[in-house]
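Shared chain: subunit A. Partners: subunit B in the first complex, subunit C in the second.
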Partner chain A sequence: MLVNTETIKTRRKTKKKGPALSHEGKWGLLMVTPYLLHFIIFILFTLLASLYFSFSSYDMLNPPEWVGLENYNKLIQDPVFWQSLKNTIYFTVLFVPTQTILALILAVALNQSLKGLKLFRIAHFIPVISSWTVVLYVADAIFNPRFGLANDLLVKIGLQPQQWLNDEQQVIPVLVAVAVWKGVGYMMVIYLAGLQNVPEDLYESAEIEGAGVLKKFRHVTIPLISGTTFLVLVLSTITTFQAFEQVYVMTGNGGDIASAGGPDNASMVLMLYLFQQGFSFLKMGYASAIAWVLFLILFVITMIQVKLQKKWVHYEK
Partner chain B sequence: MKHVSRLFILMTGMIVLVLAGCSGTSENQEEAGSDSGSEGDTETITLGYYSSGSADEKMKDIISQFEEEHPDITIETQNSPYQQFFQKLDTQIAGGNAPDIWLSDGVFVQKYAERGAAKDLTEWVQNDLQTDQYYGLEFNQGPEGKYWAVPQGIQIGALFYNKDMFDKAGVEYPDDSWTWEDLKEAGEQLTIDMNGNTAENAEFSADNINQYGLTFFNITEGWMPVLKSYGGGVLDEDLQTADIDTPENLKALEYITDGMERGIFTDPSDLQAFQSPMSPFPSETAAMRIGIYARTLAANETGVNYDVTVLPKGPDGERFSPVIANSWIINEDTSDAKAEAAWEWIEYWVSEDDVQRQWAELGEAVPVKKSVANSDMFLNSGDKPENKQAFLDSFEFADTLDVNAVWSEWVNEMTDNLNKTFLGEVEEKEALESADKDVQQVLDDFYED
Partner chain C sequence: MKKNFHKNKKKIGYIIIILSSLIMFTPFITATLNSLKTYAQYTAVPVEWIPDPFRWENYADVWQMTDFALYGWNSLIVTVMSVLGAILSCSMVAYAFARLEFPFKNMLFFMVLGTLMIPPVVMIIPQFIIFRYLGFLDTLVPLWILEWLAQPFGVFLMRQAFLGIPKAYEEAATLDGCTPFQTYWRVFLPMCKPQLATLTIFTFMTKWNEIMAPVIYLSSSEKYTLPIGVLQMSGAWFGKEQYLVAAAIMSLIPVLIVFLLTEKFFIKGASSSGLK
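What follows is the complex of A and B.
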């Protein structure tokens, strides 16, 4: 201990004495150079390029031409853009709370010391590591309007069979249900880690005070894992705003990007629309404008979440 | 201390070298490109194509045969599956490192041509090829008559029918006398619901169908052939004006929606129940389909007992067969020497009988060279369908799908609008009016600049 503090002190001294870029400073700079280069070339440059494209007409095959705010003007008047924004928000509003609550319930249930618990945890995690193409086949076995299990079940209990992904009202709820099924295992694992960090003695003292299971959950567990909940909420929101693969695979008839997002744009989400405009129709400038609007929306939502967290997230110490 | 400084210099040097390496390759390539025009050198060209499985192997085979016969040309290939190929290609063109020659889907030729990415091949085509010996050259000409590409293989539409289903229903096989109305009448007897009733039967339920009369999908193998044989279509001859809201199209559309309502034709939501919209015919859930030549592959694979005939006539006797000429395009930015080498490859591909035969054996496309397409080798290969002649006969009334630079985009608008009326959400007239407006918007966005 003593040696350590001494070395730190001497280091501090040398740092104060040295010129603007000391020997150590040079080394430090050199060590971060690979990262800085990566950042400048692959992140900063591409970001600025996409910002520039968003103010230009760019078909990829010819150099971009500056058009000022034209793309943004068009965006404001584009009904499909507004619909995809609305769909994205609808998706998020359904998805985020459902997944968060289910993940918490599962994590609490699987945080007991029971036999065969690992098996259950694994079972819930398997969808997370499956690719969307595989999930598509599982989902199709359930929601296929002709051969699916869901309609079999409805008919058995005397209800009308449904169109599911072909129905403008049902398509997003069905997509959300499948997304929750696929994503809940991951959030459950994050919650499990959070739950295991809750000190046992707090539960014991709550018990001594006479708290029951529900009260312990309400007044001990929930406040102590609020940091985890915050993380889960932010992560889920970002993933839904960036949802692409699922909608593309599940609504694109036979992998056809032009038909994805149907029926009649009822499941068109922002990322899908961006991809379609940029890569199928070669309107890279317009697609870049969508990307920047998407970024702004996400930024604002995340800022709101950060501000609000002060009111309900409890950090230890 | 000295020790450390040396290491510092060494590491800085390495980073510089790595960065230099990144940019070095393209310079080298350009040098090679500029001085290799001289005699005796070998020219290396890059060739991009989309493919899968056996087609990929065959392409590589043919390339090595070409290299053997042309020792002064080396071909480096870049290939990927269809979707990825075109995404990558567009990015490569943007970055200025696209292949010297690539295989383009016929419907994308104008996209590259009108945006200045494809080399004008008119002179070469006129000097080196006897144009009347080949199918499909005219399908790659823009409105101004220039040749932008040379066909690699032809896809042309015909009517596929399941012989077993026709026999079972006691319906006569279709032939060239059929009109679209005849097709629907036969379709009535070939559409069967869950309880075994046909569409003629009063108890028939259009909601639970086990077998469709005709499977119908999207543009090429769906509405375009019907619209065109009814005298309608989508674009004017200049390919920059929408001509959708017409009485001919209305009549054609009413014909289609009536068939869908009665369950004889598949509607877009029926198709969702299948693994792919292409499945109903090969999986024997539909008695007929409008199909391009490549659809014979899937039908042969599942062993359907089928044959083909020309597509039906419209009410005034007009006929239309959709054609897509998948074609070789030479990069506009490639050097003259490389472009010439690429042209050698194109010439080799279309004019060598042996190459044409090898490619035809795959069964993917109708051969480009007429003499090979009309030979026994293609017509009587022993594989189904028996009446391959129908594909060749269809050239007489074949045309493209109103292909222009923004084809994918206007097809998307058109499909969105038509699907609404196919699903019974809007009236036919309303769908046409709205499609006219939306498609014109797409055209104006591109052509008015």
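What follows is the complex of A and C.
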């Protein structure tokens, strides 16, 4: 909304001015040069190049050679591509709602004057500021199949120890659990900022009408921060669909990209597959085709989310 | 009754938050304890919590026997160059968008918005080819150079900051004969220190922890930054994995210190990333 009023204002101003490039205009253009370069070289050019590559055979040693739809045809018949698409969707469907719901609950719990508030916030932010390499070794303390804390606990209560990341069935749920643990603090802070905008008197009037904690949460908090929820959902879907670092670090053997995605492709996600095809096997054309398919899928999902938002996102007025 | 209700709400809040903080902390505490054990104790089943003896020399060993310091130095170069680039380029571009009138301004600004919609995945391969063409492969340059070209997050952050400053400052500076650049540099920039701090810390954290770009661009190990340097150590430390845990914890310490010192700005940056 801020953006809109801004544009109207500036439009009015530009109308008053003549067509000649003013002193200010020259400075303005000069000062946005870094962004212009960014846009022309690293957005416009890269987009076009990547689209072109996706219709080419390109190994980086020889110039790209136009092959039409061949890459896309191959993609449709590639079982690993379908497997990684399935895994990516599974990962996203498991991760995004879990993280969103937990972040909201934590934010609501934190959004009051508690003692030690700062300490709690810091606790939830340490995973956020850790690199995935740190997370790998920290998570290993819990999920190591031989001597991790999780199996220790399972054995103590009389259950079977599990293989966690080494198990085809468990690898994605474990990755999701770790990713939620790492990311929930960040989303919590976004929610906290949203909660600060909910007027206190709404809660008070709900209380007067006799609403309990759950009712207030359901009928005041959830509708009023649905805008934030929408944003959190869109942002985290987009980033989760492009998840690479976590899978690469957590499932690869000491940073070996070819060994990541296991066991037996059970955690192969689209980005990782793109990386292996592009940077390990130098199939840049094929990798570009994967990138564009990923882009298209994300575009469709985002459009659906935008369409659906009218049904559940509550706007004031 | 109302008082009672508030007490209950607080109680539930405390229970949720303490429980969740424990879940957040336990893995770190366990890992830190692990980093101080001998290998035998590290792999002991059932788990032995407390190291006996505390092997602080694990940390000294990592420092002396690996390229940890070199990786740290590389990370520092990347981080410092990125922060400098982000501060200078984002603030300058943002100033033009916030306070100056120039042709195609709105169109350009919507392009910045549009940039955010495009998933980076489609740009990775051509980017690699550009940097390869420029001879930047296996150097640290591709890890920081893009920060000098005004990334959208910083532009938004700084633009918001500049928009909030009264016009009188601009007029006074112009009367004093300042060019728009001088007004930006001498008058406006010093007034936006909190936002600059947020941008600095945000860029620092992102770059210190980055894994994807180093994986793409670096091939010789003396160029590695900490996250991938520590990751690749596992080959050399087979059967002494407690050293890897120590190396990982050590790579976290600088970020942890910066975070604890500047927590306020970091939280601000995080919340503003949601309010775009």
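The working rule: the second predicted complex is superposed on the first by the 282 of 317 C-alpha atoms of A that agree within 3 Å, B and C clash if a C-alpha of one lies under 4 Å from a C-alpha of the other, contacts with A are read in each partner's own complex, and residues count from 1 in each chain.
We adopt the following convention: a contact is a pair of C-beta atoms (placed from the backbone, for glycine too) under 8 Å apart; a residue touches a chain by one contact, two chains touch by 3 or more.
What you see is a predicted model; the values in this text were computed from it and never measured.
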{"item": "Touching partner for A:287 - first (subunit B), second (subunit C), both, neither", "value": "second"}
{"item": "Subunit B versus subunit C as contact partner of A:60, first or second or both or neither", "value": "both"}
{"item": "Partner chain in contact with A:146 - subunit B first, subunit C second, else both or neither", "value": "both"}
{"item": "Partner chain in contact with A:43 - subunit B first, subunit C second, else both or neither", "value": "second"}
{"item": "Which superposed partner A:126 touches (first subunit B, second subunit C, both, neither)", "value": "second"}
{"item": "Partner chain(s) touched by A:279 [first = subunit B, second = subunit C, both, neither]", "value": "both"}
{"item": "Touched subunit A residues, subunit B compared with subunit C", "value": "C"}
{"item": "First (subunit B), second (subunit C), both or neither touched by A:106", "value": "second"}
{"item": "Which of subunit B and subunit C A:34 touches, first, second, both or neither", "value": "both"}
{"item": "Shared subunit A contacts, counted only where both subunit B and subunit C touch the same residue", "value": "26-27, 30, 34, 37, 60, 146-147, 253-255, 257, 279"}
{"item": "Residue ranges of subunit C touching subunit A (in the complex, touch as defined)", "value": "2, 5, 8-10, 12-14, 16-18, 20-21, 23-28, 30-31, 34, 42-47, 89, 92-93, 95-97, 100-103, 105-106, 108-109, 111-113, 115, 117-130, 132, 146, 148-151, 155, 163, 179-181, 184, 205, 208-212, 215-216, 226-228, 230-235, 244-245, 248-249, 251-252, 255-256, 259-260, 263, 266-267, 270-275"}
{"item": "Subunit A residues touching subunit C - in the complex, by the definition given at the top", "value": "3, 6-7, 10-11, 13-14, 17, 21-22, 24-32, 34-39, 41-43, 45-47, 49-50, 53, 60, 105-106, 108-110, 112, 114, 118-134, 136-142, 146-149, 152, 155-156, 181, 185-186, 189-190, 192-194, 207, 212-213, 228, 231-232, 235, 238, 241-242, 244-245, 248-249, 253-255, 257, 271, 274-275, 278-279, 284, 287-288, 291-292, 294-295, 298, 302"}
{"item": "Contact set on subunit A toward subunit B in their complex", "value": "23, 26-27, 30, 33-34, 37, 57, 59-62, 144-147, 163, 165-166, 253-255, 257-259, 262-265, 276, 279-282"}
{"item": "Contacting residues of subunit B [partner subunit A, same complex]", "value": "1, 4, 8, 11-12, 15, 19, 83, 87, 90-91, 93-94, 111-112, 115-117, 218, 268-269, 271-273, 276-278, 406, 408-409, 411-412, 415-416, 419-420, 423, 425, 449"}
